[in-house]
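I have a structure here, written as structure tokens, and I will follow up with some questions on it.
By written order: A, B, C and D. Residues from 1 in each chain.
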Amino acid sequence: MANRMETIIIVLVLISIVVSAATVYYSTNMLANITALSNQVTSLQDALEAKLASLETTLVVGTTDSVELTLDPAQAYDYFGWNIMQQIGGTLVSVSPGSSTGTDFVAELATAWNASSDLKTWDFTLRPGVYLSDNVEFNASHVKYSFDRAIALIPSIPEGAPAGLGYDLIINHTEVLSTYKVRFVLNFPFAPFLGILATRSSGIVDPKYAPQAQVNYTASSARNSTPLAFVGPYVLSEWNRVAGRDLEIKLDANPNYWNIASGYPKIKHIIFKFYSDSSTLRLAIGAGDVDMAYRQISAIDAQDLETNPNVKVWHGVGTFIQYLCFQTKRAPFNQTKVRVAVAAALNRSTVTETVFLGTASPAYSIIPPGMLGSTEAFSILGDANYTYTKSLLAELGYDETNKLTFDLWYESSGHYPQSDSQALLYKEALEASGVISVTLKNADWASYKLNRDQEIMDAYVYGWYPDYLDPDDYAFLYWASWLHTNYSNSTQVSLYDQARATTNATLRTQLYAQIDEMAAEQCSVVPLFVSTSLAVTKPNVYGVYLDITMDMRYWLISK
Amino acid sequence: MLEVNSLTVDYPTRGGTIRAVENVSFSLGKSETLGLAGESGSGKSTLGLSMIRLIPPPGRIVKGEIRIDGVNIVELPESKMRILRGQKVAYIFQDPMTSLNPVKKIGAHFVELIRTHEPNTKKEDALERTKKVLGLLGILPERMNDYPHQFSGGMRQRIMIGLGITLNPNLVIADEPTTALDVIVQAKILDLLENLRRAYGMALILISHDLSIILERCDRIIVLYAGNMVEYASSAELHKNPIHPYTQGLLRSIPNIELSDQRLSAIPGSPPNMLNPPKGCRFSPRCRHAEEKCGLMEPSLIDVGNNHFVKCFAANDEGVAVE
Amino acid sequence: MGLRTYIITRIILTIPTLLLLLTAVFLIMRVLPGDPVALHFEKKATPETMEALRHILGLDKPLWQQYLDYVWGVIDIGYMVEHGYPNLGKSMQVTTEDVGGQIFSAFPATLELAIYAIIIAVVIGVLLGVASSKKYNSVPDHIIRGFGIITYAVPIFFLGIILQLIFGVYLRWLPTGLRIAPTVEPPASITGLYTIDSLLEGNLYKFIESVKALLLPSFTLGIILSGVFVRLTRTNMLETLRLEFVTAARARGLKESTVTYRYALRNAFLPVLTMMGLQFALLLGGAVLTETTFSWPGLGRYIVTRINFRDYTAIQGAVVMFGLFVTLVSLVVDILYAYLDPRIRL
Amino acid sequence: MKEENEAKRSILARLIPGFVSLTKHGPSGWMVIIGLVIVVAIVVMTAVAPLVAPHDPIESRVGPIASPPSWQFPMGTTALGQDMLSRILFGGSTMLQVSAISVLICFVIGVPLGLFSSYVGGNLDKTFSLIIDAVYAFPGLVIAIAIAAVLGPGVVNMALSIAVVYIPSYFRIVRSQVLSIKELTYVEAAKSIGAKWHSILFKYVFPNVVPSIVTVATVNFADAVLTAAGLTFIGLGVSVSIPDWGYDLTKGRELLSSGGWWVITFPGVMIILLALGFTFIGEGLSELLNPKLQR
């Protein structure tokens, strides 16, 4: 009987032998296959050519994003999820690539539309010859089905996009007028309705894959993982997740894409590679592991890559804005003058230049520049306008000896980009006035939201990513109840309601301008900066549109 | 076959150097028995261990030579030394409870020993020999597959002895082989040792603090005190006329029928601090006959007739002055 | 007491501990500020919609009922058989995904990391420990001891970042994150351990890739842990080397290597083994940071991300999994110990 | 006043020889000394930082953004153009506070709990031990993270969350000690002469437990430093308006891919030094206290 230690070692050795044996066996197998191939040289060449061809027609995209929950339009509410859905699904209308306003809509599944004068009845003529699964032709019933489903699911998915965008509040009902004609009847006049229809949550679903319940990721097959009708340029051919994060996503060109005639999609296969954080993604694009890195390359890395000849950095506008909220229900910010004084002491450019290295631009209106109704209202307060700040605060008895003191809160678990550095610079700028003393406080995202709802924060930085591209989805932030600033202003609200009740662009522009002006006087919420978007690609990649929609339209990309 | 010449062993410590053994010389013929007597700390074990060059570090032999069959092992390279151990010289330790590998079967100990020294022995043969040895020790062969903790102390000491004699060496060194055992077992073990020694014609060095055992088991005796040989004689001679006061003390401290008129007594005082031992005669501070020169001069080891060596001014006046 | 009964009793004994753990976490999660429901609504949320979601998540039930439901789910064997993973409830962040499934998909990553890390730690620890004990009080000994102590003082993620900087950024030898380079298709999941699966798949390329990805994280964790084993091996070796049976072995003229490994180490190893068991809790703690550093898609990272969403069920599930893992390991270690030490008879 | 001076002097008078005597205990003694020197040095450094720091550690754009070490900025600058050197000089305070407070809390809670529970024994002791073991068996950091999230950021809260993790180790060491001491004759004797249990606890038992507690405390110090760094790494650290090595190290990662080694290395090394100082003290002490390890 051998020594026990020895027996254990022997067992280990045996295991390793088995493993290595397996290795050898398999590797020899592979060798066998290869030799078999090399026997038929021609076929080998074919294989190689095929491989090369596929390389030319495949775009490898690296990202730090991940689909948050699902690809069901009735639920999905995250950037990446919506971006994938845009590639595989279809909406009635969409925003034309390169749009600067986000409101120039082009035909997609609908070829024509018109709204009644009261903006409550919207009729759409559908595109014929678009096919769903099993050669079922797309028709009005599908549109009705899609919207009825989305609204019906709202109670069971209260956190879903349709709930967030208020489908149930806006849409009264949907009528099938004829095979190719559909009508939406709204509860109230709603100008930005096209904006809603252009969002992912208005994607048309395929009844065959869209039960009246929500659809989630199922390991079984990619097709069953989404209820969307595959009428987009691509179809979802692979989707694997681990522990609620994406592991791999593959898109293949959709053979019955309605617009295939005009040569889209340019690239046949899109493969998404999921990186852990921006630094690893940056290393990957630097090393040429991926053709394209989109979201998130940090500002400093982007600056670094500008000088790298092996990559091309694309810059575009953005619609993500951050703003400073004041708790107006108690001192000191129950006094408008204090709010204005603080707003005037802010220094936006130092943040956009130092923290974001120019990948963000100062915002003087809650509505992003370029978009209808965007103004420079807040610029009248100026930046680091200390004389004004001092004079205002002096009126209230604050000075170098008796400083205005308050807590400035920021979120510290990485929910917003660089919120810690931002906060530091805001504090610096405010205190440079000499009459303000700021205490920085931080909380992780969950606690931060709790604090917001409990209204314990004097001043806090918040961010907004739009649901649909219309000033209508921004202007209300000045008095949004869920920000718990306790600021309300009936005049602004009525202006807002007028604006959403008309399609007259000039009128709307004026209305939003008025809202902005009042906001600049009131300073309940102070816009800080608006993001820009950026993508990094290999030099041989073309057709990257980074417009105000912030949608990445992969079918336009070629290499 | 064993010849030790003016052997000196030092232990460098943080406090200073301890001279554990100071030029000890003696020799041992084939199948002779020698006893090393002395209190604990007198350097017995160090002397014993230096015979197989296993003095625990940092102790080391600084002077003198040890010849086994003429080979001076002090200069021997470790590789050669290793072969010598177990094959020519066996060493039996004081505490049988801790001198076997607790996670090794008894049989394995033997097999390992045999195959280390005779690499081309088959395992079966090794096992056979083990069985034989165990037989000699009066242990059932099937207990080969038991672990040490399954044996009693006496049994384990038998096994240690067995391991010692397996390769029938010429010399066995038994360092307090029975101290850890109770009296009845002691006798048995010593008898076993005795018989095996005769049977295999081995020489034996028996180290013990118990002079009585040595007196009855050994031909010659070395009495060590503070690393010095203080007396060296045949047991009979030593028994008849012990000269060194220390030896006398030791003898007096054994219960003895013949000296029944004298009452039992222990040696007053305690062993010296080896870091700075007393000047002159190491024993002088505890010696009842000590004169002042004992503290000034160190007596030398002198033959007082029929191979009876003594290191004391009581036996002779020769000595070296110490500064 | 037979081995089987021993194991069974051990397992039974772990149940109260686990239950305690579960209860503790259940309560901790409930006092965490931030409401999982509120966290679903980035933007507009009316009390009604919140209430609706709360109902969907079963958070409107009384606490004790939530607790009972949860415990029942954990011990529901039928469900486990049906789905291949225990019923740890639905995730609160991803309201329709089974936490059990997510955890079982994330666990292999942690397991693989842990296994390689502990192997590295023990190998480094034992080798260095033996070396320094043999060269006791010499310069190498002091250097090794220094190493042993320094590992206590190095923040694990700092070591990780430095390794990333050197091997990932400057030398570009090894990937700085993920279980396998994103450009490589992960092997078909059989055991969930990429290194094994890739071999079973017979794909050496994938095997090499997954090993490359493993090197940095497992060494980061391994090196940090090795310190304990270095000092433990060293002290035990020093003690064992002083025991009589070692001297006795030398006195029998056994080879020094035999004496060192078969005699001294063999006996000194048992405490090291026990330490292995104890270290696992520490290891998993370290895994949390290592996984975050190398964005290793394992349980540790899962927990950290889910804490930010107050995903009660997810964290409960992960904790139970961790607890099970730790107890299981200590069980295995105990059995191994008993097997290695004849003095312990089961 | 005068008495106070007397007291002070006598403390010094006792301290210095104690310190010197350390040198007489070979390597382990020296370890303690080195450890003490490191820790004291860092404490002093943070204390005098305001006097010696070339720049305000918080102020941004005092230099170019993310520039490597230069003559003007010996340790380079951060991504916000802050002076790394100044941040290093100031940055120790948070960790020192966190570790000190956490040790204090552990001491105040863990020790009495251990003493009490183990001395009373019985079911109470069993239940306590069960709970403690459950906590002990579980990845401490995860618990710390959860609790830190409960309490929110801040020095004291961090310390608390760390304390929760380390109380078990105090409890266990105290308990094991007490269980062994409890049976000692003089304690038995004290019992027999009918001394009150709390007086026994604090007159006889406690003094014997102290040494091992001190050792645990120093180890706890080191661990607290590392855990604090870990919590900061996960985003549960203190606000940016306080310079902190842990924060710098975490933030430094953003410069990783563009090779910004200096923002990572310097804070990291400082953390190691601090933890190392405490570890040295702990190791040295434990070796001095139980020579078994020392040999």
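Simple rule for what comes next: contacts are C-beta pairs under 8 Å (C-beta built on N, C-alpha and C of every residue); 3 or more make two chains touch, one makes a residue touch a chain.
Not measured: the values here are computed from a predicted model.
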Between B-C and A-C, the pair joined by more C-beta contacts: A-C
Remotest chain, subunit A as reference, centres from CA atoms: B
Computed distance of Cα centres, subunit C from subunit A, in Å: 36
Separation of mean Cα positions, subunit C and subunit B [Å, integer]: 54
Gap in Å, rounded to a whole number, between the CA centres of subunit D and subunit C: 25
Inter-centroid spacing, subunit B versus subunit A (mean Cα positions, whole Å): 88
Subunit A residues counted as touching two or more neighbouring chains: 3-5, 279-280, 283, 413, 444, 446-447
Multi-chain contact residues (two or more partners), subunit B: 103-104
Interface hub residues of subunit D, defined as touching at least two other chains: 149, 152, 253, 256-257
Residues on subunit C engaged by subunit D in the complex (per definition of touch): 16-17, 20-21, 24-25, 28-29, 31-33, 142, 149-150, 152-158, 161-162, 164-165, 169-170, 176, 235, 238-239, 242, 281-282, 284-289, 292, 300, 303-304, 307, 315, 319, 322-323, 326-327, 330
Contacting residues of subunit A [partner subunit D, same complex]: 278-280, 282-283, 286, 298, 300-301, 304, 350, 354-355, 357, 412-414, 420-421, 423-425, 427-428, 439-444, 446-447
In the complex, subunit B residues that touch subunit C: 52, 54, 56-57, 78, 82-87, 90-91, 93-95, 98-104, 112-113, 116-117, 147, 149, 160, 163
Residues of subunit C that touch subunit A when the two form their complex: 32-35, 38-45, 48-50, 52-53, 56, 91, 93-97, 102-103, 105-106, 109, 168-169, 172, 175-178, 181-183, 185-186, 196, 199-204, 207, 262, 266, 294-295, 297, 302, 308-310, 339-340, 342
Interfacial residue positions of subunit D with respect to subunit A in the complex: 58-61, 65-66, 79-81, 149, 152-153, 235-237, 239-241, 251, 253-258
